[in-house]
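The following pair of complexes shares a single chain, subunit A, combined with subunit B in the former and subunit C in the latter.
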Partner chain A sequence: MMKRWGILPCNGLDKPAGQLAREIALYLAQDQAKTLACPVFLHSAPSVYAKVKEETQWLVLDGCNTRCASKLAAEAGFAVGKKINVSELTEKENLKLGRSLRLEPEALALAKRSALDLAAALFTARTDREEKTAAIPDGKGQTDSGVDFPASITYTEFRQDKFRFRVPQGEFFFNENDCWVWVQGQRARVGVSDYVQQSLSDIIFFSAPELGAEVEQFGVLGSLESSKAVFEVIAPVAGKVVAVNEELEGSPERVNENPYEQGWIAEVELTDWETDRELLLDAGQYLEYLKNKVADFHV
Partner chain B sequence: MSETTFMGVTRAKIPWAPVIDYEKCTFCLECDKFCPHKVYEVNREERRLVVAHPEHCVVFCRACSKTCGPDALSFPNKTEVTDLIKRLRKEEGA
Partner chain C sequence: MVEVKKVGIISCSGEECAGGGISRLAARHVLESARPGRTVTICLPLFLAGGEEERYFARTFPTITIDGCDKRCAMRATEKLSGQVTQALTVSELLDSESALAAPFSQRQLNGEREKQIAKVSAALTEAVDEIIGKPAAKDLLTPTTPPAGIRLL
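And now, the complex of A and B:
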């Protein structure tokens, strides 16, 4: 069953960016008939939202990088379907909010515009997904991929306290930012290692890199987010993004389950693998590197 | 692969660490609480956060800046740092 959309904004009373988040939420709730969750009420009486939570996917509106709304969504177990950060939005729009808590007309206009854009995006997100489900006969979801990724992988494992760290054997290469790449010809699949998913713990949101975007080696290939932190996926290779793991959009927890298999991030068409390779570790080297790093791993 | 090298280059030669904009910093210490690498130090008397150990910062990580509400943290340019690392690798004969 297709879940309907609800809005979870930051409370935002005491900051201009928060006021803007609220304003966007209000437009969406009033004019677009979306369910609105009150963050304060949700925090103090989560059971009130128990039923609506099951039927809803949430658009989370953070005012700033403190990410109160995202953290709350994680805490409450809300399924996050989309999120925006108002501070990033105003930066992109080149809008200075000033100090006043009462929003200026330009800010109000931006709120209205963003609400309309978001409403449109939520609408297409829904139809996309419906089409996808319709197109996949077994209903399981097959992400389009251009590589023959190994069907089964052997791992070297070690433990530290209650944590298990796997490093895949074979043709995997890593950067020291805990991202891996597996190469086949001109194409490569990229993901994060167990270290990333362990230190983030429950991942609630995947922000995908844009299809067709050119990324440099050590550029950003999307990000993963938990209540603890936002992790930027640091590209081990340079190239053009030709596929993303769309399954992660609805089920980011796949990265926690296995970041090497169903939790892969994206595929890129390589620019210069030979040169990129020089700055990467092979599986054996990464294992040693990881053991050292994990020795002072605290969660 | 010890803590003092990154990609085979002496870590101290790589200028990668957060820069605090004190005009914006509210001394909330979210960044310090978040980072496990002992990059920051807190000067309570002056209510000032300092980047005391830039060499502990993980090259290309920017995670703490995502915890900073007032957006007071910035980082060097990645492409420039990557180019520098490549140059240093040649020089150090890695």
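And now, the complex of A and C:
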């Protein structure tokens, strides 16, 4: 069953952006009948939200770049489906908020407009996802892809303390940033390795690369965020982004579950695979590299 | 010994009840209009999320918490993360439970009754600040920003 949407605003008191986040949240809660979580109450009495947490995916509204709401959501283990930074929103709208918590009419109008846009976006996200789920026979499939990815993969595995690392065999190549690429013709699928998902622990947010964007080899191809850190996906190949794994936007934990199959990041139309290949490790080389890295850093 | 020059106000940022909205607007009014220069606010979500400067301030300087309801999230969080607060006020005690526990309100829902409630809580907060740091002489009060005609600055 599809999860409903809830809202977690920052409510920050020291900057009017927090007030704007609060106003957007209240518009959504009151006019669009969304669940609203109090960030302070969440921290002081998390058990109150235990049930609703499981049934809800969250829209997180941060007031500023300190991103307190995001941190509190991560701390509470909320499944974050969408994030908005209100300061970025006002900057984009070229709106100055002033100092007072009493927002000017322009800011209130922006709050209302943003709430309506978000309500529509959340509704669309739900519809898209339901359609995808319906189109997937066993519920385990992925976003449409232009490559014929192997149905089953053989892994080489090694352990370090309680951690288990798998490296797929076959035509997988890796950069030293722990990202993999699998190539078929002029198209490649990219993802992150077990090392990344083990290091990050529970991944709570996926920021997808933009479709159609041109990326250089070792450029940034989206990011993954956990309660511990943000990891930038470093492209092992250069090219144009032609598909992203949209499934990760609602279920970023798929990267933890299986970073090589369900948890792939994006697909790229290759620019110059032969040249890119020279700077990558094959599966055997990456396995040795990873063993040394894990031993050195005591993951 | 720390010379007390400023008092920190930590307000509930509550979304669970109207008391949260009243407390945050009252706190801001004291900060910007009633006792500017003598008070600082500490952003509670930031405080909770690990803002070290906020926690340091609350450990070192006197702080007043203003909570919306008797769950007292602001007071509990401050005492847990920084130490005992100097004064703890609660909107549900300053006004009445019914007003404090009403549904949270947006700025577009502010009305005359709500403004009176905010003013009453602001007055209690101001008094608490003065008890700690002393009432300022009129000449020492910073002049608050003059609002446009017909607008009361909070």
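Note that the second predicted complex is superposed on the first by the 208 of 299 C-alpha atoms of A that agree within 3 Å, B and C clash if a C-alpha of one lies under 4 Å from a C-alpha of the other, contacts with A are read in each partner's own complex, and residues count from 1 in each chain.
As a working rule, contacts are C-beta pairs under 8 Å (C-beta built on N, C-alpha and C of every residue); 3 or more make two chains touch, one makes a residue touch a chain.
Note that the coordinates shown come from a computational prediction; the quantities given were computed from them, not determined experimentally.
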| item | value |
| --- | --- |
| Contacts of A:Glu23 with subunit B and subunit C, given as first, second, both or neither | second |
| Which of subunit B and subunit C A:Glu176 touches, first, second, both or neither | first |
| First, second, both or neither for A:Leu221, with subunit B first and subunit C second | neither |
| Which superposed partner A:Ile234 touches (first subunit B, second subunit C, both, neither) | first |
| Partner chain in contact with A:Ala266 - subunit B first, subunit C second, else both or neither | neither |
| Touched partner set for A:Thr66, first subunit B, second subunit C, both or neither | both |
| Subunit C versus subunit B, contacts on subunit A by residue | C |
| Which of subunit B and subunit C A:Ile203 touches, first, second, both or neither | neither |
| Shared subunit A contacts, counted only where both subunit B and subunit C touch the same residue | 66 |
| Subunit C residues touching subunit A - in the complex, by the definition given at the top | 11-16, 20, 24-25, 27-28, 32, 41-46, 48-51, 71, 73-74, 76-77, 104-108, 145, 151, 153-154 |
| Complex interface listing, subunit B residues touching subunit A | 1-3, 6-7, 30, 34, 36, 58-63, 65-71, 78-79, 82, 85-86, 89 |
| Subunit B-facing residues of subunit A, complex | 64-67, 87, 176-177, 216-219, 228-232, 234, 278-279, 281, 285, 288-289, 292, 296-298 |
| Contacting residues of subunit A [partner subunit C, same complex] | 9-15, 18-19, 22-23, 25-27, 29-30, 36-41, 43-45, 66, 68-69, 71-72, 75, 99-103, 108 |
